[in-house]
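One structure follows; several queries about it will come next.
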Amino acid sequence: MTLANLELDLEVFTGPFDLLLTLVLREEVDLLELQLAEVVLAYLDHLEARGDLDLENATEFIVLIAALLELKSRLMLLGEEDEELDIEPEQAAEELLARMLDARRYRSAAAHLGELLAAEQGVRFREAPLPAHLRSTVLEPAEGSQDPEVLGEAVGRLLLMPPQISLRHVSVPRVAVSERLAVLRNLLRRGAFSFDEAVRGADRMTIAVTLFALLELYKRGEADWEQDESFGEIAVHTPSAGSVVGSVAPAANEPAAAGLAG
Amino acid sequence: MSGVSEATESTAPTDDTAELPGLARTIEALLFLSTDPLSAAELAEATEAGEGAVATALALLGELHAPDRSGIVLRELGGGYTFATDPSSEDAARRLFSRPRVSTLTPAQAETLAIVAYLQPVSRPEIARIRGVSADSAVATLLDRGVIEEAGHSQFGAVQYRTTTQFLKLFGLRSLQELPDVARWEPTPEEQAELRDRLLKAGEARAS
Amino acid sequence: MSGVSEATESTAPTDDTAELPGLARTIEALLFLSTDPLSAAELAEATEAGEGAVATALALLGELHAPDRSGIVLRELGGGYTFATDPSSEDAARRLFSRPRVSTLTPAQAETLAIVAYLQPVSRPEIARIRGVSADSAVATLLDRGVIEEAGHSQFGAVQYRTTTQFLKLFGLRSLQELPDVARWEPTPEEQAELRDRLLKAGEARAS
C-alpha cells in the first residue's frame, strides 16, 4: 500500500490522501479548515496497523505534511491588503513538488554516502599519539595580547534576535463584534437577507466575526435563521411572530449552532 | 587466515640491496606519525625538499604501499596523503581490537550529513526544512563523531555546520569535489511530470 | 630482533610486482594500528595462524622494515613487536610537528568565554541555551587552558563557571569591570532587561 492510498476519515474530508492533496491544491478543501494533526494521527494509526515502517513512504509523508503546514501558516498570516499573495493551486503544487524533489535528491545523496562508507568499511587509520619528544609545545599567548573587544562583540552577536514574523497583517483586532452587530441590525431593519450578502467581499476574519455577531443576535432574540443544508445558504430574518423580541432565548442557540457546524 | 602457507615458504620481496631513498623513507615516517593527512606542500616544507622530489618519493611510496604489496596502504584523502589499512586485514583487526571501525549511519544521520556536505555552511533550521523533521539529534551525533563541525553563524544567528577532514577520511574522499553533482539524482523530466500530475490530477484519475 | 636473521639469507631479488604474503600483510596492518607492542602470541590469535607462520612473517617484516629500507622500522620491545620511526627522520618530524604554536581561541571557544566573562557564574546548560548548541568541548578546552574554572553549583546542581586571574592577564584587564560595555554591540540598546535574560531569550528564539 502506498502513501497515496492512505484512507482518511476526517471532519472535512473522507477519502484517500492523494485526493485530499489534490483538493487542497485546487482549494476545493480549505487548508485552513483542515486539521493537519488529524491527518498525522490517521497516518500513525495506519503505520501501527501495518506493523512496519516503509521509510520511503514515511519520508514522503513527512515532507508533504511539513510543506502543507508551512502553506497553512502562510495562509493564516495573509491580510486583506495581501490578497494578491493568495497562493494559486499551480504555485502551491510547484512548491510541494520542489520540496519533494529536494527531499528526494538528498535522500539519494544520503544513500550514496552510505555506499561510500560501506566501501570504506575495514579501512582503518592509525590513531596513536605522537611520541612525547615530538609533541609540539603549545604556547599560551602573551599576557595582554588578547583583545577584550572580541568578547563584547561575541555577546552582541548572541543578543541578536532572529527576525520576527510580522503579525501586523493579521486582522483579528480590526474586526469588532459591535461593528458587525451594527451591520446585521441595519440589514435586518430592511427585512430578510442572506448571510452571504452580509459578508460579501469580506475576509475570513470578518466572516467569522459576523457569524459570531449573528449568534449573538439570535441569543438576544433579535434574529432567526434557516439553513436547508450543510454549507447551504443561511437566510436571516427577524424572529417570526410569537418570539419574544429582546429577551434571552437560552436553549435556542444550540441546535442552530450545530446546524451551522454541520 | 589465508596466506599462511605462502608465508612459510615465500621470501620474495627481500633483497638486502633494495634501499629506499632517504627522502622517501623520511616521508614514510612522517605519514606514519601523523594522524591527519599531510599535503605535498607540508611534506616539502618539513623535509626541506623540492615539490618535484616529494612527488617522486610519493609515487615510489604509492607503489610500495599498494594493497597487494603491503598491509599499510598509501591513500590520497582530504587534500593530502595518509596511511591506512587494507580491508583484507579487517577480520584480524576486529579480533585484536574487538570493535568495528565505524558504526554505520542511521538514515536520519546520513540524510543530515548529505545536506551538510552539499549545502555547507548550513544551519539546523535549513536542514530541518529540507527533511521536514527536526535534525537536532542527528546533528549532535555527527558532531560527536567529528564528521561535521560548527562554521560560524548565519545572518539570523543560527549556528552553521560544515564537514570536517575526518569526514573526507572516513568516506574515502580526496576532496569535497569528489562528491557527485547532486543533479545526478534529479528525477527525469518525465518523473517530475508524473509527480506533478500526482499532486494535481490524482483526484481526477480517481474520480473517473 | 629475533627471527630477522633467518630471513636475511633467502635471496629472491626484488621485483616490482612482488607481493607480500597475506599473513605478513595482515600482521603489518595490525602493528601499524596498535599503539602498544604486540606479542607473537597475540598476533597468532588475531590472525588465527600458527606461531611458526607468525614468526616467519615477522622475520620477513623485520627485513622489509629495516632502517635502510623503510622509514617505518620494526622493533622488538618488552616481549612484543612494534613499529617506530627511524631517528634519521627526526629533524623533519620535529619541523612538522614540534613547532611551538600559539594557541588561539576558536569562534566557539571565544563565544563560550564571552558568556562566562559577562554572566559569571554561569552553568553549562545556560551556555548551551544561549548558544543553541552544546558547549561541552569548548568548556573543556577553556578549563584546560586555565582561563575559566569551576565556581560551585547552581541551585539546580549544575556546575558553574567563572573566569580566572589568568583570563584577566591574557586579556590585559585589571578587573572584570574593565570588560567592554556590551551596549556598543547591542542590536537593541533600548532594552532594559538584564543581560542574562536577554541572552537566554535570544538563544531560545533562535532555537525555536
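Think of it as A, B and C in the order they're written, each chain with its own count starting at 1.
Everything below uses one rule, namely that contacts are C-beta pairs under 8 Å (C-beta built on N, C-alpha and C of every residue); 3 or more make two chains touch, one makes a residue touch a chain.
Note that the coordinates shown come from a computational prediction; the quantities given were computed from them, not determined experimentally.
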Distance-to-centre winner among chains (Cα means, whole assembly as reference): B
Using the stated contact rule, I'd like to know whether A-C or A-B comes out ahead in C-beta pair count. A-B
Separation of mean Cα positions, chain C and chain B [Å, integer]: 19
Suppose each chain is reduced to the average of its Cα coordinates; what separation in Å results between chain A and chain C? 47
Please compute the C-alpha centroid of chain A, do the same for chain B, then give the distance between them in whole Å. 41
Among the residues of chain C, which ones contact at least 2 other chains? 29, 32-34, 93, 97, 131, 202, 206
Which residues of chain A are in contact with two or more other chains? 124, 126-128, 130-131, 134, 157-158, 160-162
Note which residues of chain C are touching chain B in the complex, please. 7-8, 10-16, 18-30, 32-34, 38, 42, 45-50, 52-53, 56-57, 60, 63-64, 68-72, 83, 85-86, 88-89, 92-93, 95-97, 107-108, 131-134, 202, 206
With touch defined as at the start, can you tell me which chain B residues reach chain A in the complex? 32-33, 35, 75, 82-90, 93, 100-102, 104-105, 107, 110-111, 113-115, 117-118, 129-133, 153, 156-158, 169-173, 179-180, 182, 184-187, 192, 195-196, 198-204, 206
Going by the contact rule set out above, which residues of chain A touch chain B in the complex? 4, 16, 18-19, 21-23, 25-26, 55, 59, 62-67, 89-90, 93-94, 96-97, 99-114, 116-128, 130-131, 134, 157-158, 160-163
Along chain A, where are the residues that touch chain C in the complex? 124, 126-131, 134-141, 143-162
